[in-house]
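Heads up, there are several structures right after this.
Shared chain: subunit A. Partners: subunit B in the first complex, subunit C in the second.
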Partner chain A sequence: MNKPQRNPEIVWRVEKRRQAEVLKALEAGEDADNRGTVILIQSGMMHQLNLVGGMIWERCDGQRTLVEIADEMATEFAVERSELEADVHEFVTDLIKRGWLIND
Partner chain B sequence: MALYLLDTPVRLTWDFSTDPPSHAGNQLEVARHIADGGVFFVTLQGQPLLQSNIGELLRCLTAGGCQVLIACSGTAVELSNLAQVSTPIHQLLLDAARFIDVRNGVDTTLLQQAVQALRAIGYDPALMLTPQRRNLHLIPEFLRFCRDNKVGRFKLPNANIGDSFREYSTADLPRHQDLELFRKLWAESPQPTSELPALDIHDLFLWEILVPGQLQARSEYGGCQAGNSLGHVDLYGMVHPCAAWPEPLGNLVAESLFEVWSSPARFTVREQISVMPVGCRDCCDIASCLGGCRGLSRRLNQAEGERDLMCPGPRRQNPVS
Partner chain C sequence: MTETTEMLSAPLTFNWTLSYRCNFACDHCYSRDETCPELPTSDILKIVDVLVEQQVPFVNFGGGEPLIRKDLLEVAAYASGRGLNVSMNTNGWLLDDEAAQQLKDAGFKSVGISIDSFEADKHDAFRNMPGSFDRAVSGLDALQKVGLKSTMSSVISRINYQSYHELLDLARAHGVGQVYLHNFKCSGRGFKNREELDLSPNEWQAFYLEALAVKNRTTDLKISFDDPVISSLPDYQEKTMVKGSSCGKLSLHLRPNGDITPCGFIPVVVGNILHDDFATIWYDSPVLKAMRSKSATGKCSGCSAFDDCQGGCTARAFATTGDFNQPDPHCWK
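On to the complex of A and B.
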């Protein structure tokens, strides 16, 4: 797994209003894992990604390696680096299995 | 994750069903706002191919990332205009209404010619039939046509209320009594069993008849999406919650789609949808149906507690189990 890339057949967008709400909730110490901030459609079905998933998804442009994605995420979240890298790896692996991401 | 209130619609229908307006510049502004709004799918319905600026509108929409579906009747003028279009079209929907003869049923020869003519210029059309009281009985025939002519998709969208909401032509909207007649007809008629087209059926109750025993397959259905993932734009750029819910929310000639979708009127619509119709109380299938088409039922079925027009009444026992 080197530079994951979004499946070009999937249409997607960031929900800005929702993203702002989630960031506000996180600042207030609330759990926001179950709140979608990115929507995407694959084979006619709509899916949502939460804030962290959405941020990884946005960075899967075929240009960044997993390490680089984790590097960028580390500037946004106060989480152990090893934990963050594992989370990125797990998430990307799952999305490759679903066919949402293409492994370069 | 439950579907929350979206920034803008995901799917829009844009109506071109009556005389083309003279404000082509306004249409382009509407197209820009739709594209800027991040809408995934835009269905141009009515007769969009008769618009003189259709090429420009399509370029604007697709440049903004929209996938465009176009309805057409397969007339010579439409075909000629379509041949000039260089923008990729996500799907071409051949409106079956033109091929229905009141006395003789479906004019399959004319329909076949239209399909072949569209294929000759590089399109593989889906067939579209808006269900009405007078055409429900023709569905089996259209399905057979699709099978025999290798038409891969048959779309049965929800009925609209009138053309651009100018008049409420509701007499032809199918009711549950009509659906019951169709259920019997469907059960008795020889049904095409192989190589059926993919069915795209908006109405739950019609879907139950044509695709029986698969209610659980609609588990992803999140209820009426009017004013959320779904929206409708009329001929004048006015945005409505959906094609079956005529309520102006704002105009794309003057406002962005995000602004319209942030309006109090839009949130009021969603609040109204969140209240379960009185006529659906005690129904065991409410978790699957979620009240059906709320736009039509709200406007036209107050007498039955705003129950879906195609629903005969609350179910006490799940017919699937």
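On to the complex of A and C.
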């Protein structure tokens, strides 16, 4: 797995107002894992990604390696670097299996 | 995860009527008797900019007949160039090989052609246009020739509900990948002619039971329905993006003057895309709010299907009773 890229067949958008609400909720110490911030539409079905998933998704542009994505995420979240890298790896692997990301 | 209607900051699709003008006068048409001033191209392009700004991913041109608008190609090219996924529905009359190529060049992702019967004379009579069946089929062939994805739309009514298999075969024979079997709407001419054209609730139930079984065993053609009343069928398993009607939740409709309505079949204006703040319309419109949170009324009260069907098609309920919350007149329960 080198530089994952979003499947161009998938239509997606960041729900900015929702994203701002989730960030606010996180600042207030609330759990927002199950709150979607990015929608993906594929074959007439809509899927949601939560804040962390959405941020990884936005960075999967075929230009960044997993390490680079984890590096960028590390500036946003106070999480152990190794844990973050493992999370990114797990998430990207799952989305490649679903066909939502393409492994470049 | 979050409820879809709370999540979305804009619809996924705008169904856009650029003009109510049409070269046909179909018996079931919701819009044939509508009149509305049309916008100049410059304003149409401004609307595209608003849609891009609001991150609306899909635009579907309908009508009226979209190919009648002289600037359709310019508008579509601009919209697709700005990243929108552009499609349209046409009666096919003006869709020859050259037009098909022009539509492809303008960036259309798919083009749908309406065909109501597999029998030319029935289709032509229904559309009050001799020769329209042949032109529609030839339009499908033209799309296939230039490699532009085609879909076929058939409004289910008394003229075709027992012969939709043949419509599916017709689609297969002309390279269509997806067939929409639309539910009959009691709007416009469809309202005036509904006694003659609409099915009874029990006939709708029987139609959907069979058509769903056909859909489930069909692998070479995608068959789509857009009728929320289906979800009240026993064993209906399909996952939909929202419960009930998608209008006002996943999609909105634009009239030729930029007025926004929840869908083409509900003539209630909730704002104007050029003059009003879009977010205010989307989040605060009392009409859209009412459509997103319907209350079970009449026979829907206490019905176990209401959670899934949300009273069925809001447009049909509104057209026949003037109340969004009334049960869909097609409901068989």
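The rule we apply is simple: the second predicted complex is superposed on the first by the 104 of 104 C-alpha atoms of A that agree within 3 Å, B and C clash if a C-alpha of one lies under 4 Å from a C-alpha of the other, contacts with A are read in each partner's own complex, and residues count from 1 in each chain.
Note that in this section a residue touches a chain if its C-beta (ideal position, glycine included) is under 8 Å from a C-beta of that chain, and two chains touch if they have at least 3 such contacts.
All figures in this text were calculated on a predicted structure; none of them were measured in a lab.
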Message: What does the overlay on subunit A give for subunit B and subunit C, a clash or a fit?
response: clash
- prompt: With the two structures laid over each other on chain A, which partner does A:Ala78 touch: subunit B (first), subunit C (second), both, or neither?
  reply: neither
Task: Please indicate which partner A:Ala28 is in contact with in the superposed arrangement: first for subunit B, second for subunit C, both, or neither.
output: neither
Message: Touch test for A:Glu15: subunit B only (first), subunit C only (second), both, or neither?
response: both
Query: Looking at the overlay, does A:Met45 come into contact with subunit B only (first), subunit C only (second), both, or neither?
result: both
Task: Could you pull out which residues of subunit A sit against subunit B in one structure and against subunit C in the other?
output: 11, 13, 15-18, 34-36, 39, 41, 45-46, 48, 50
Query: What residues on subunit A touch subunit C, complex-wise?
result: 11, 13-18, 34-36, 39, 41, 44-46, 48, 50
Footprint of subunit A on subunit B - complex, ascending: 1, 3-7, 10, 38, 40, 65, 67, 220, 229, 262
Touch list for subunit C against partner subunit A, complex: 1-2, 4, 6-9, 12, 55, 57-58, 85, 224, 239, 241, 279
Task: Show which residues of subunit A lie in contact with subunit B when the two form their complex.
output: 11, 13, 15-18, 34-36, 39, 41, 45-46, 48, 50
